[in-house]
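Letters A, B, C and D name the chains as they come in the text, with residue numbers starting at 1 for each one.
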Amino acid sequence: MRKIGILTGGADCPGLNSVIRSVVRKAMQEGFVVTGIKNGWNGLIETDMRVLDLRVTSGILDRGGTILGTSRMVPPLELEKMKIIAENFKRSGADALIAVGGEDTLKIGLDLYKQYGIPVVGVPKSIDNALSGTDYAFGFDTAVNVATECIDRLHTTVESHHHIIVVEVMGRYTGWIALEAGIAGGANIILVPEYPIDIDEVCNILNARHKRGKTFSIIVVSEGAKVKGHSLGHSGPERRTLRRLTNVSELIANLIKKRTQYETRVSVLGYIQRGGTPSAYDRIIGTRFGVRAVELVKENLFGNMVSLHNNKVRYVSIEEAVKKRKAIDKELYDMAKVFSG
Amino acid sequence: MRKIGILTGGADCPGLNSVIRSVVRKAMQEGFVVTGIKNGWNGLIETDMRVLDLRVTSGILDRGGTILGTSRMVPPLELEKMKIIAENFKRSGADALIAVGGEDTLKIGLDLYKQYGIPVVGVPKSIDNALSGTDYAFGFDTAVNVATECIDRLHTTVESHHHIIVVEVMGRYTGWIALEAGIAGGANIILVPEYPIDIDEVCNILNARHKRGKTFSIIVVSEGAKVKGHSLGHSGPERRTLRRLTNVSELIANLIKKRTQYETRVSVLGYIQRGGTPSAYDRIIGTRFGVRAVELVKENLFGNMVSLHNNKVRYVSIEEAVKKRKAIDKELYDMAKVFSG
Amino acid sequence: MRKIGILTGGADCPGLNSVIRSVVRKAMQEGFVVTGIKNGWNGLIETDMRVLDLRVTSGILDRGGTILGTSRMVPPLELEKMKIIAENFKRSGADALIAVGGEDTLKIGLDLYKQYGIPVVGVPKSIDNALSGTDYAFGFDTAVNVATECIDRLHTTVESHHHIIVVEVMGRYTGWIALEAGIAGGANIILVPEYPIDIDEVCNILNARHKRGKTFSIIVVSEGAKVKGHSLGHSGPERRTLRRLTNVSELIANLIKKRTQYETRVSVLGYIQRGGTPSAYDRIIGTRFGVRAVELVKENLFGNMVSLHNNKVRYVSIEEAVKKRKAIDKELYDMAKVFSG
Amino acid sequence: MRKIGILTGGADCPGLNSVIRSVVRKAMQEGFVVTGIKNGWNGLIETDMRVLDLRVTSGILDRGGTILGTSRMVPPLELEKMKIIAENFKRSGADALIAVGGEDTLKIGLDLYKQYGIPVVGVPKSIDNALSGTDYAFGFDTAVNVATECIDRLHTTVESHHHIIVVEVMGRYTGWIALEAGIAGGANIILVPEYPIDIDEVCNILNARHKRGKTFSIIVVSEGAKVKGHSLGHSGPERRTLRRLTNVSELIANLIKKRTQYETRVSVLGYIQRGGTPSAYDRIIGTRFGVRAVELVKENLFGNMVSLHNNKVRYVSIEEAVKKRKAIDKELYDMAKVFSG
């Protein structure tokens, strides 16, 4: 009987368990045995694995996280590690490896495929929607919904107190979560890594709102956004007073407070954006990706990852898929400014 | 100053208020005044309108329903009504009419445009994803999330009691909600209007599950699905005992119970699927559609409705858009069967 | 090593798993082994049991339902069954039995304690708050929150459509869920089993609302409420047209429609009220009850059930506790009428 | 016609709008006019008021925050301010003042009653359950549910990553939220202001968990908890490396990391705990309190606040009620340790 290994790598993401369950179901119907590799690539280094069957994967569709555990590894891996992984994989007797993860996990998978001939199929996750090569990778829809729900909660508070709140959401390199949760949450200002922040412009908008009687404002900012003329390394002109700031949201709140005297508050949403039960859409995409990944294995289409195009699940070469990040849609970003006033 | 009239028609849908807010914001920036027409086309028959400004539309982004109210009207309308509507619209002094609604509302809008020259722009809503002509119309994502959350809740109950539950969701002509909420909720069997139901086949699947120790099952069915050999008109072979049934879910539960002796339960989700706060995605699409609708007015692109294509907001002629319903994706439907066992 | 058996009986209820987890944790610290009895009293008839340890009960605190399964049995049980249960319990080698359930489960436990000397400790659940003998039994808080959330969702729909909606909630003998969810959901009329419904009075309130421009209304009714002059057995004056009605909500909606001509709608919430993740309070009470139940075992305080008094967990004799149902608080019921207008 | 003034003071809290709506409803039935005072005591300093009627308070029951706005003022107020408030209140023509708020708001109300004869009735809110004098003050139940939901989300993440997470919740002087959300969320360690934290003891528990294979842990800490031997003023032994820390959660995470080498993460829940739609219970208590407050006005029972005793709404003198804080229940705190292992 043929055997498939599966691992989940990188930061956890709602929908990982949907993929695992779906791979097991489909694989068993196709006559494969499935081995779960624990904690990402680490499980192949430490040969930590266990068989996955219907019982183990029952009831996990609506659970966040990953029952396999995960770990973070940044490519390229050291030669020594690569060799161990390749060797242990071969020893495991598996005929294919399904690697579920983001850019880093997929790149390591690609290296293993190209340099060691490991028969890898990728399944893309991306909580911040940063992956190109697919219209969508699961996790993002849940993150946007959680962030939006939080902004809704903050809305009533800042409105009651006439405050300005700076809400920091995930997004180190791309501003998708800030943009979508900002629009959905009714943010007045949305700040993203793709466009450096001009604090004077931000203050102008806030002042204009106050002039027309709007005594509260909501600013949504990606964790990776940069403020022009300031760095969180804290060597800028306002270095002394700001040296204890570690988040861009705190930096922005302080700068606004200084320039406008308005009361500002900060809320860093952090890990709650990636945990918990996946949205319906992320469960569906995870499920569809898992089924298709097994089909790719069956058809020996290695070196590829499953992908979504026009709402159809297809596949692309991993190499193509990880070439560049998907920046936010400029058209959507500009539209959001309609609600700045 | 130019004036835009806006109305919401047909069944209410999460995201309607997002459109209204967005239209008002964008319109004011473009120098339009906006008049809200109450209760769909009725508001033009009874000339029930009021000016919409920033204050009235503040804080409604996250509210279900429609602050304008709505009513259901089935096209084609009587000649008399059409004349009154056309006349009252002209008297209102509005330069354009934004009609937000589903198939029925849009068809009436199209008739007014073609026969009376009313400058109509359409904004599509579709809680059951039945509209072709656009990749997506808002409302559906919220409905799927609500239905999935309900199935999650029912899951723990039927598992504890070893029951078979038949969950009835919206979808008179298309099975999209059943299909997506079924996949997301981990349903074992999904029944849709597009494919008549063979009860023996359903019972075979249930029996197979019981044989492998799965003593509970979840069946998700669209309200509009049909059972082969039975009708809810109740003239079929089992007419006598079934004559009090009004829902397809009850019919199915009774037939299963008779054939298999398993304990069955029914849950008709009903109106809760369409009410309440919209999902992030529906708020975003509603917002984008509203902004674009005002742009169509500005560009005199009447007779069209805004639409989504590859995640870009564009437009299509209403005539094209309402020609046929969008049946469920056969590929997705077949995939869902992987989880029947 | 001493051994505790635990079972969950009757309808499932959010918080059952909190009790199970808590019993296992506390029992292990006290040096007990715990045996889980499957499907309520049935597990003792069919000797279906398994050892419960930390691993099995890990991650269940936030899960609805019961990992032990459950079944419904109505006391008094046949002599034969009682004997088998008592015998099998003794054979199991357990030193005590923790029975988690409502009135029926507790009464059977009491009979076993009194007639067969089985060392029983009870843990009360009550989704409809019907148990006297304790200030609170878990399940109710979750049910009220779910019902309230559903009423919130329905609110926006009926407001947009100018409908009257009759929402049917759980409560066969007591109106607690209707009363609390009705107040929390802003219901205009609340109908409970404790007070027979006068339809004319209901219609008067609806008419008064319409007169002051409120074109929608929300009525919340317990499933067990009765309408004066009508029965669901359908022998009343409106028998012919109503013969297909099975729910009190449909009966009420039809009667209102006839008398007032207002559009009415019905929503039967059903099983979703009892499923799914427990509220924080139900998890806490379940956890506290589980710990205390093990202490009662340790102290040989059999024939008692744990209970809540002034937010302290204490115990009462099962006999006292199941003597009568807890009717709704008249003071609270009268207060709710402030919002009828 | 007699007139009631109402204000909401201090930090916003879920349930404030329930009180406002309820006061207006009941007051109108009793023949009072209601004046809403804006932004707490500030509204009486700046005479910023407006009439509240059924229309303004319609649809606010499920909204977080307060439609009246709020502001924070710490008693005792300066003599000058007190005089202005008393004078402006008398000028407003109101016959009574309903002050809704926590300790600070109620103390100012008490001063006005005693020193200036203002006919004040208090309504207690307390998001951190710190008020004695009443079994419960609204806001807390919502906060505990939100915090629990967040811990659920974090749970799946830390489990997948084998991390230790320190979740910081509200509670400057009392640990109620940490205690209840900790129990409900399955926290392994709960740290509260009432008991100084011994980091070595914390590390011992974490080490014990690791030894039995539990590679993740959840610590819930109140914002006001103190670590023995360390202060956030940062003059302790580890001053140098810790000088940029501002939250107790970061301090704890750093200390654990140093001593155990385990990976630690921090999540500060912050404002989301107090915003958003109130839980059913908080809506009910808010509603009951509002009705009773108007009754107190009617009965001239000034200088008192409404309160809950054995689930009945009664009243106590404000003086008694604000005398001391309500520390956490030692019995409950000790019980929670069952789950530390």
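Rule of thumb we're sticking to: a contact is a pair of C-beta atoms (placed from the backbone, for glycine too) under 8 Å apart; a residue touches a chain by one contact, two chains touch by 3 or more.
Since this is a predicted model, take the numbers as computed values, not measurements.
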item	value
Chains in simultaneous contact with subunit A and subunit C	B, D
Chain located farthest away, centre of subunit C as origin (C-alpha)	A
Geometric centre distance via CA averages, subunit B-subunit A, whole Å	30
For subunit B paired with subunit D, centre-to-centre distance based on mean C-alpha positions, whole Å	41
Overlap residues in subunit B, where contacts from two or more other chains coincide	152, 155
Chains touching one another, given as label pairs in label order	A-B, A-D, B-C, C-D
For the subunit A and subunit D complex, residues of the former touching the latter	8, 11-12, 16, 39, 63-66, 69-71, 146, 149-150, 152-157, 159-162, 165, 243-244, 246, 265-272, 274-276
For the subunit C and subunit D complex, residues of the former touching the latter	22, 25-26, 29, 59, 61-62, 135, 141, 144-145, 147-148, 152, 155, 159, 180-181, 183-186, 277, 279-281, 283-284, 287-288, 291, 310-312, 329, 331-332, 335, 338-339, 341
